Every structure is written in structure tokens, then in C-alpha cells.
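In the two assemblies presented below, chain A is common to both, partnered first by chain B and then by chain C.
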Partner chain A sequence: MNETSSVWDLLIGPFAEFAFMRRALVSTLALAVSAAPLGVFLTLRRMSLLGDALTHAVLPGVALGFMLFGLSLPAMALGGVVSGLLVAAIAGVVSRATALKEDASLAAMYLLALAVGVTMISRQGSQLDLLHILFGSALGVDEQGLLLVAGVASVSVLTLAVFYRGFVLETFDPSFLAAAAVSKGSRPWVWQQLFLMLVVINLVAGFQTLGTLMAVGLMMLPAVSARLWHESLPAQLFNASVQAAIAGVAGLLLSYHLDTPSGPTIIGCAGVLYLLSLLVSPGGWLPQILKRPHRVA
Partner chain B sequence: MKRKTLKLLALSALTASGLFSTQVNAAELVPVVASFSILGDLVQVVGGERVKVTTLAGPDADAHEFTPSPADAKTVLGARVFVVNGLSFEPWAQKLAKSAGYKGETVVASKGVQPRQMAAEPGHDHGHAETDPHAWQNPLNVVQYVNNIAAGLAKADPGGAAAYQANAAAYAKQLKALDAQAKAQFDAIASARRKVITSHDAFGYLAARYGITMLAPQGVNTDSEPSAKHVAQLIRQIRHERIRAVFVENMSNAKLIEQLSKDAGVRVGAALYSDALSGASGPASSYLKMMQHNLTQLAAGMTLN
Partner chain C sequence: MITVDNLTVSYRQHPALHHISGRFAPGSLTAVIGPNGSGKSTLLKSIMGLVKPSGGRIQVQAARQRIAFLPQLSEIDRSFPMLVQDAVLLGAWGALGAFGGVDSAWLARAQAAIQAVGLQGFEARPVGTLSSGQFQRVLFARLIVQDADLVLLDEPFAALDSRTTESLLTLIHQWHAQGRTVVAVLHDDAQVQAHFEHTVLLARELVAWGPTVQVLTEAHLQRARLLAEAWDDQAELCHADELPTGAA
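Now for the complex of A and B:
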């Protein structure tokens, strides 16, 4: 009796008692389901740092929203999405049309966007930290934020499911997709743009409701560790979502019981899962060491 | 003959300079730079028509996070008096003065004020207390502020010393009247009901002066992230102590506290102004108006408790 009640206090109680904990949990889980699989695709394309680049790419849009409409969250968020999409789209076009690789053209674009954004904010003369105001915390998610994350997650999971084959081909064998597309009369870059759009809306929804660290962290860390566990892509996608969800639940509970900041704690849990994966997963360090003597003999 | 003309020249130069220093005209205003908007207002009050005040971190700007531009360095260099708050409120100001090569008079407005330690947050036992720089939140400290400013201005412009003293003394009277009025207002509220929640604990001096208990969901830094435990404790406390007075600040992230107060079933009051004045059309366009606004809002919120 006593034991069950202490387990309840430890695992369920915080969520049962506080609405802010429930909202944090639901939004974190939604992000885990939609963002982590996108992260796997990003690691496969060697674009693991895209998320960080996009945190800066949204700045000019946010600044523009602020200049036109003042401190209005929807205007600033919409501006952020538009400028994030624009940066990703231009970078995509550049990488298709020139010799530059996707990551290089994106690096150039996001730095330009950052420069434009900082200049715009300085011109405004206001020293308000716009990004700080725009970016949320997992504990401050409101109903609107919840709807935003849930909506984005639904759109993104459905799109991923419907266009899965296209995304896979575009990631692994773009030249084949291009050849196939030309024979069918469609355009191959559509896949790339669609994929980048999914990444941008996931990130901006994540920034706004949960904060930068949470959005990028939940997208990338589980994705990186998932690649150590499985050869097949579907298994990696599933593994990444599960790891992100575990990190979310464990991180929120730890933040509650140990009095640590919620966002960093959740990402810290994802980090622990990553370290474990590095050690014990099939692609990790221990199995490699155990395998080696056999190979020599 | 030659000597006579020299003497005459010197004499006329003396009278001319004398004329200029007694008759301050628009071109001869003492250029003063203040680090942030509240100080700018105080300098304007003390300096009156003898000074031209430029404020670096303007209305609604976060002076903690201010990044000076080269134009700001030029402004500081052109000033004869540079007024800062001190108490580590604006660490960038010292760097700015140094990098600009500023050689004029620097006034630390908070000099002589009894510094307060930052209240330790519940559950945050880091073992180090920091000095709270928001000393202006107690009007009696501001008496010291304006005296320091008057002394600093007098050093740079001795001709105006009497005027600065008189302005400071007149303002001190207003400050004391404000304090007495606020004291009476809050004393009328039972001390058990003198509890409010704000998103940023910049009001330590004010709370100490008027016996108000301030609870904050976030730390002193506007960018520190709260823990789930801390927020949960706060919600429990709101429910337990039946606090109805919740306030957000004019520039920190208000999302968390708005959400929190909804969860706990309380109403959010008007924005309070702590580190910056509002624009000219806002409710806190000067220091006195800011304090009036804050004190009225706080008292009104507490009566709901």
C-alpha cells in the first residue's frame, strides 16, 4: 500500500496535480513523435547542425514582425516561420543550382539572415531580447502553444507517412530520384523543399512553446543515438521517437523532483541515452571492442 | 603700450568667459549621459535647464542586456558627466567609458545607499548572495541618488552648484511625500495580505521598505529557466496562501507567469515597471509616475487577497 503510493508520488503525482506538468508532457511527447524522425533524416543527409542554423535564421522575420506589429507573438512567430522557410528554400535552390553542398549553402544563408536580423533589431533602437520573449519554456506552455505543437506534429507525421518513399529516395539516392522524376515530368527539388519545410515548422513551433534548446535537442540527440542501434531506417525512426519520449518524461520528472531547469534536464536525459547508446548499442564502442579479437583471429 | 593691450585683451577675455558661465544658453548646456532611462529622468530633474541629458538604454529597454553601439561611445566621449547606477547593474557602462577613453566626471548614483542582498529563492540554495542593484525601488534611496547627481553636476559645472542643490532638495521633498503616502497606504493593509507574485524580483528594496512579501517564479536573471519543482511549489503556495495579486513586468518573459496564474486560478494585474521607464505615452514616463503606478497597482492587487 505504502509502496504503491510512493511510486504514484514519484511518477504520476506531479502530472495528476499540476496542469502545467500535463501540458509540458503532452507537448514534449508531440515533439518527440514528429521532430525526432525528421532528425534521423537530417543526420542521414549530414545536416545535423541545421537546427542550430535555423535558430538564427528566424531572427530577421521575428524582427520584421516586431517592427510592423509591435510585441505581438503571432506576428513575430509568423515572421520567424517565413524567414526560416525562406532561408531553407534559398539554401536548397543554391545547393541544387551550384557546386555548393546543402550544408555549405545553408551556413552562408543563415549567417546572412543573422546579420540582417541583428541589424534590423539595432536599427529599431530597442534592446529588448526579442528571441527571449518569443522563445518559450516547457513549463510555460499555454493552450495555444499546445494546439500549435500538436497541429504541427500531426501535419508533419502525416506528411512524412504519405511521402515517405520520396523522402527516402531523395535522401539516399537523389540522382535516381532526379532521373525517375524527369521521366515522369515532376521536379525532384520539390521533395527537398517539402522536407525542409517540415523541419522549419517543427522547429519554430518547438522554439515558441518549449524553447530553442528543447526544440533542437529533441530533434537531434535521439536521432543521432538511434542511428547507432539499427541498420534499417524505419527502426531508426521509431527508436528516435521512443528515445525522445523517454527523455521527455524522465526529464520532466527529474526537473520536478530534483529542482532543476526543465529544458536542460530533458536534453540532459537525451544525452544520457546517447552516452548509453555510444557504449552498448550494436554500433557503439563495447560491441566493437568485443568484436575485434574475432576479426584478428 | 604693448603690455596695456595684452592686459586689455586678457580682461575682455575674462569678462567674456564670465559672461558665458553665468548666462547659460542653449549652446552651453552641460552634456550629461545617463546609463538608463530612470537615471536619465533623475538627471533631467536635478540638472534642470542647465544640462542636456542623453540616455543610453532608453524606455522599455533592458539595461541588464544592453549592448552599446559605437555611436554610444561617441556620446559618452562628448559628455562632461556620465551617470551610472553602480551596484553591478550595468557592467557594460564601465567598459564603454574605458573603451571610449572617457576622462570626464563619472557619478555612481547609488553611492552611499545601504545595499541589499538579493533574496535567496526558495529551493535555490547556491550559497552565494548577490547585491541587489535595483536600489531606486525605494524612494528614500533616490534622495541619495539625486544628491550624488547634484554633487557630480556641480563638479563639472561649479556655476550651477546652487541650482543643482535646490533642484535636488525640492525633488527630495517629493520623494519623501511619495514614501509617506505609500507607507500609509500599505500600513492600512494587514501584513498577512501584503503578498504578491511577480515575474522578476527587482522589487526587493520596495518590498523591504513597505513590508511586502514578493514571490517570484523565476530567478533574478531574466534568462534563467525555472525548474518544475519551483513552479509547482509556487502554485501550491498561491493556493495555500490564497494570493490573488499576480503581476508581470514590462519586459521579461510573461508567458510563464500568465500560464501559472491561470493554473492557480488568479487574475493577472497590470504590468509593473522595474528597470526602465515606459515611453512618453505610457503610465511610467518619469520616475515619480513609475513609482506611483507600481505602488497603486500593488496596493490594488493586495486588496484582492
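Now for the complex of A and C:
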């Protein structure tokens, strides 16, 4: 076997040969481009754990869709989006109307949602179904799933681009936005709800490809790593997408060759990139211990 | 410009501001002072409409989008990857909103504002690399870009060195000279005496409101200190609003 053909077999062959690998590749890349930048915004809001909370919030809706229509993707996706948004909206209302902060009211809501979701699933489905919903499989993405992921990614990226200024301002200086909003008679929380909506639809798209729990990984891990590399936001957003895409491709290939589950393998690859970033990025560990000479000014 | 009419704001039934009345004249330069917890920030937030009065009301005679508010420094995360120029340009938000285009005129305004606060050369620096004094200058540059008729400043000089404070005070005097109405929450009595014509002395109740020389008297300050200490969990409910007309 010559070298070109073995490289082909390792890197290209699986995608060229199998349609399910191509679908997995496209959906993972789409998700990488749309979800990872949202993760950067979440870390900037110090809400890195929000994605986790929202995956749990999505569960009752997914379960309801599953109970009513079986393993139907549109039903479970729609259910997931609705329950995720409902939890985010109720948590938002509670934090505006009471003394509770956003994170506290969200924690309360998602735990309730999780309890409801698990109860529903355990009454109706078998363990196997639960595992499928929670951990998904990129290799099982059908055409319908692909359309869902691609559609969500397109909407999400376009929305982020169009409303970018508002999202940045709301994250950087919410009290300035609030003051300006009062002056104009508009509602500042609309920005937050819109942003949370993007997070929810990305997580729901991700549950098909990676599983609800792993979807958060592709959103957050590259985002956290990206923050170590750059001092400007656009660079961080771009870096996060690139890292997520690399993790996606590498993870799919590894899971193919080593016969491991695709979702965890992809997240594992993102984890390796995270470790590398921790070590060698400008904000990482090595540059801090290498005593580089300083400038005169 | 601003008329405060029998304003009460309370948190969990305890008043942070208790039956305050007074008026900020158009073009006036007023300091708001008082002990910790005397309701200074609450007064500014009520003027902005960020907290709801539990009694009384505030009338502001200014186009709502012509009001600028500088909250306390602690509310902003300075590790945010934001460049100085972009942070200053955010002052255009009121005029441009989420979608308006930033043209060369706005860039020139931002540049002029950056120069006015003495930060030329820092345009492309991330705000995270600035000292707190430099960052406060960025926020003042943003206020300049906002070009507001009414400027509300909440402890704008907290933790700043005297040189930065002096140069920002100069800016405030310029705004005053341009006919803008400025209200600033401050701590330093000497500074208030030297730079502000009018003063509001709060201790949850209104202690005094008027020309600075008449407000900053030992008797008034003494009374403010006494009032500030009188937080009582078991205090009776206030019935001032139920008394016959004009009693508040």
C-alpha cells in the first residue's frame, strides 16, 4: 500500500465511501460554525454553565414529542425548542419580577424541567431510547436531520450577524443598554431572550447530531479555548468555530476508525484542543512560565 | 429639567428614598452627596427609570434619548474583548440603534472624544489592558459621543488618581458651559464645594437641596449622619401620604 492511498483511507475514504459519514460531516460542521460563537458569548456573560442548564430544560419537550410521535425528529425538535424557550422565558420573567438573579431562577426552572423530562421518559420509553435521546449519534443523522441542523445553523449564524451589535452591547455593558432602552422605551431583555433562543435551537439541533449532553460540549469547549488565544471578540468567535470544526472532523474520523461513539469522540477531540490551548496559547500556561524579555515601553 | 415630587423608593418595604421633592434646573450642575446607603444611586436610577418609585413621581423634561447615565464602574466586566474605539462608539447606540451604519462622521466623533479624554494612541487597545483611570476616561469619551442634554454620573471619580479626576472635572465643566444639565453622585465634600453650584444632601430623607454653600453646613452633615444610622427593621409603616394635602 503506498502512502497516498493510506492517507486517503484514513482521512477521505470514510467520507467518500459512506453517505452516513458525509451527512455526519456536514451536520457537525454546520453545528460547529453556528454553536461555537454562541459559546464565546456565554463565557463572556459568565454563563458557561447555562448551556448545560438549557439542555436539561429541553428534555421535557423532547420527551413529549417522543411520547406522542415516537422517534420523530420534527416532533422531538419542536418540543425541545418550545420547552427550552419556555424555561428560559419563565426564568427571565421570574428574575425581572422578583429579587432572584437570572442564574438562580434558571437553576430552579431547569431542575424542575429535568425532573419532569426524566419522569416522562422513564414512564414511556425503554432505557435504550433514553440513551439515544441523551447521547445521539452523528452517524445516525438522516436527510431530515441534516436539513434541521443546516436550517438551524443558517438561521443562527444570520441572526447572530444581523443582531451582533446588540448582543455585544448587552453582554459588555447591560446597564448601559438598559439605560438606553428605558430612554427609547424599548425592552432590553428582548436581546437576552433572542440570544437564549439561539442557544436553545442550536442545542436542539445538536441533540440529533451529538446528543443533548454532547451538544453543549461542541458549543462550550472550543469557545473556552478560543478565549485563550485572542484579545478581540471577532477573532475569538472565528477561532471557536475553527476549533469546533477541527474537533468535528477529527472526532468523526477517529470514531470511524476506532469504532467509538461519535458524539463523545468529537467532544474528546475538542478537549484535546482545549488542553493544547491551555498549554501553548498566549493566555495559556507556557507563555506565563517562559520568562520572555519585556519591552522598554 | 427634572422635577422630583414626593418620591419614595423602597426595597422590601424599607425606603431607600423617603418623600423626596425638589427640582434640577435646566443647565444646572448638581452634586448628590450623603452617607453610604443614603439613596444617591437610587435617585439617579429613578431619574433614569431603572427603578420604580413606590410613591410620588419624577418628571424629566428632556427627549428621552438625550439622557446619558454613567453607572458605577463595578457593573462592567473589563475582561471583555472590546477595543477602546468600539467601546467609545457604543455611545452612538442611542442614535444608531442596533442596525444604523457607522459612517466616517461617527468615527470622527469617536476620535475627537478619545482625544478629549487624552487617550489618543489607545484606540486599538483592548479595554482589559487599561488601568481603571484610563477605563473611566473611555466611559467619559462614550458620554461625549452620546452628546446628551442630561448627564447622570454615579460616583464617576471613585478610585481615580487626582490627575484623572481633575481632567474629567474639566470635561464636566465644559458640559456645564455648553448648557447641559449634569447630576453627579460624589463623596468628596471639598470637590463638591470647589466645582458644583448646587448640592442635594440625602440620608434617605432629603436633608438639604440648594446652592452648595447653603447645603454643606456642619448642621446639615450632622443631621445626615444621624439619619443614616437610623435603619430600623421594626420601624412602623409610614403614613405620610395619607395625611391631609401638602403635608409631605
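Criterion: the second predicted complex is superposed on the first by the 249 of 297 C-alpha atoms of A that agree within 3 Å, B and C clash if a C-alpha of one lies under 4 Å from a C-alpha of the other, contacts with A are read in each partner's own complex, and residues count from 1 in each chain.
We take it that a residue touches a chain if its C-beta (ideal position, glycine included) is under 8 Å from a C-beta of that chain, and two chains touch if they have at least 3 such contacts.
Here the structure is a predicted model, which is why all the values come from computation and not from measurement.
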Contacts of A:Leu290 with chain B and chain C, given as first, second, both or neither: neither
Partner chain in contact with A:Asp173 - chain B first, chain C second, else both or neither: second
Touching partner for A:His230 - first (chain B), second (chain C), both, neither: second
Which of chain B and chain C A:Gly140 touches, first, second, both or neither: first
Touching partner for A:Ala161 - first (chain B), second (chain C), both, neither: neither
Set of chain A residues, in rising order, touched by both chain B and chain C: none
Interfacial residue positions of chain C with respect to chain A in the complex: 12, 48-50, 64-69, 71, 75-77, 80-83, 87, 90, 93-94, 97-99, 126, 128-129
List of chain A residues in touch with chain C within their complex: 44, 46, 99, 162-163, 165-166, 168-169, 171-180, 182-185, 227, 230-233, 235-236
Chain B-touching residues of chain A, taken from the complex the two chains share: 14, 17-21, 24, 122, 125-129, 132-133, 136-137, 139-142, 211, 252, 255-265
In the complex, chain B residues that touch chain A: 57-58, 60-63, 65-67, 69, 123-124, 222-232, 235, 251, 253, 255-256, 258-260, 262-263
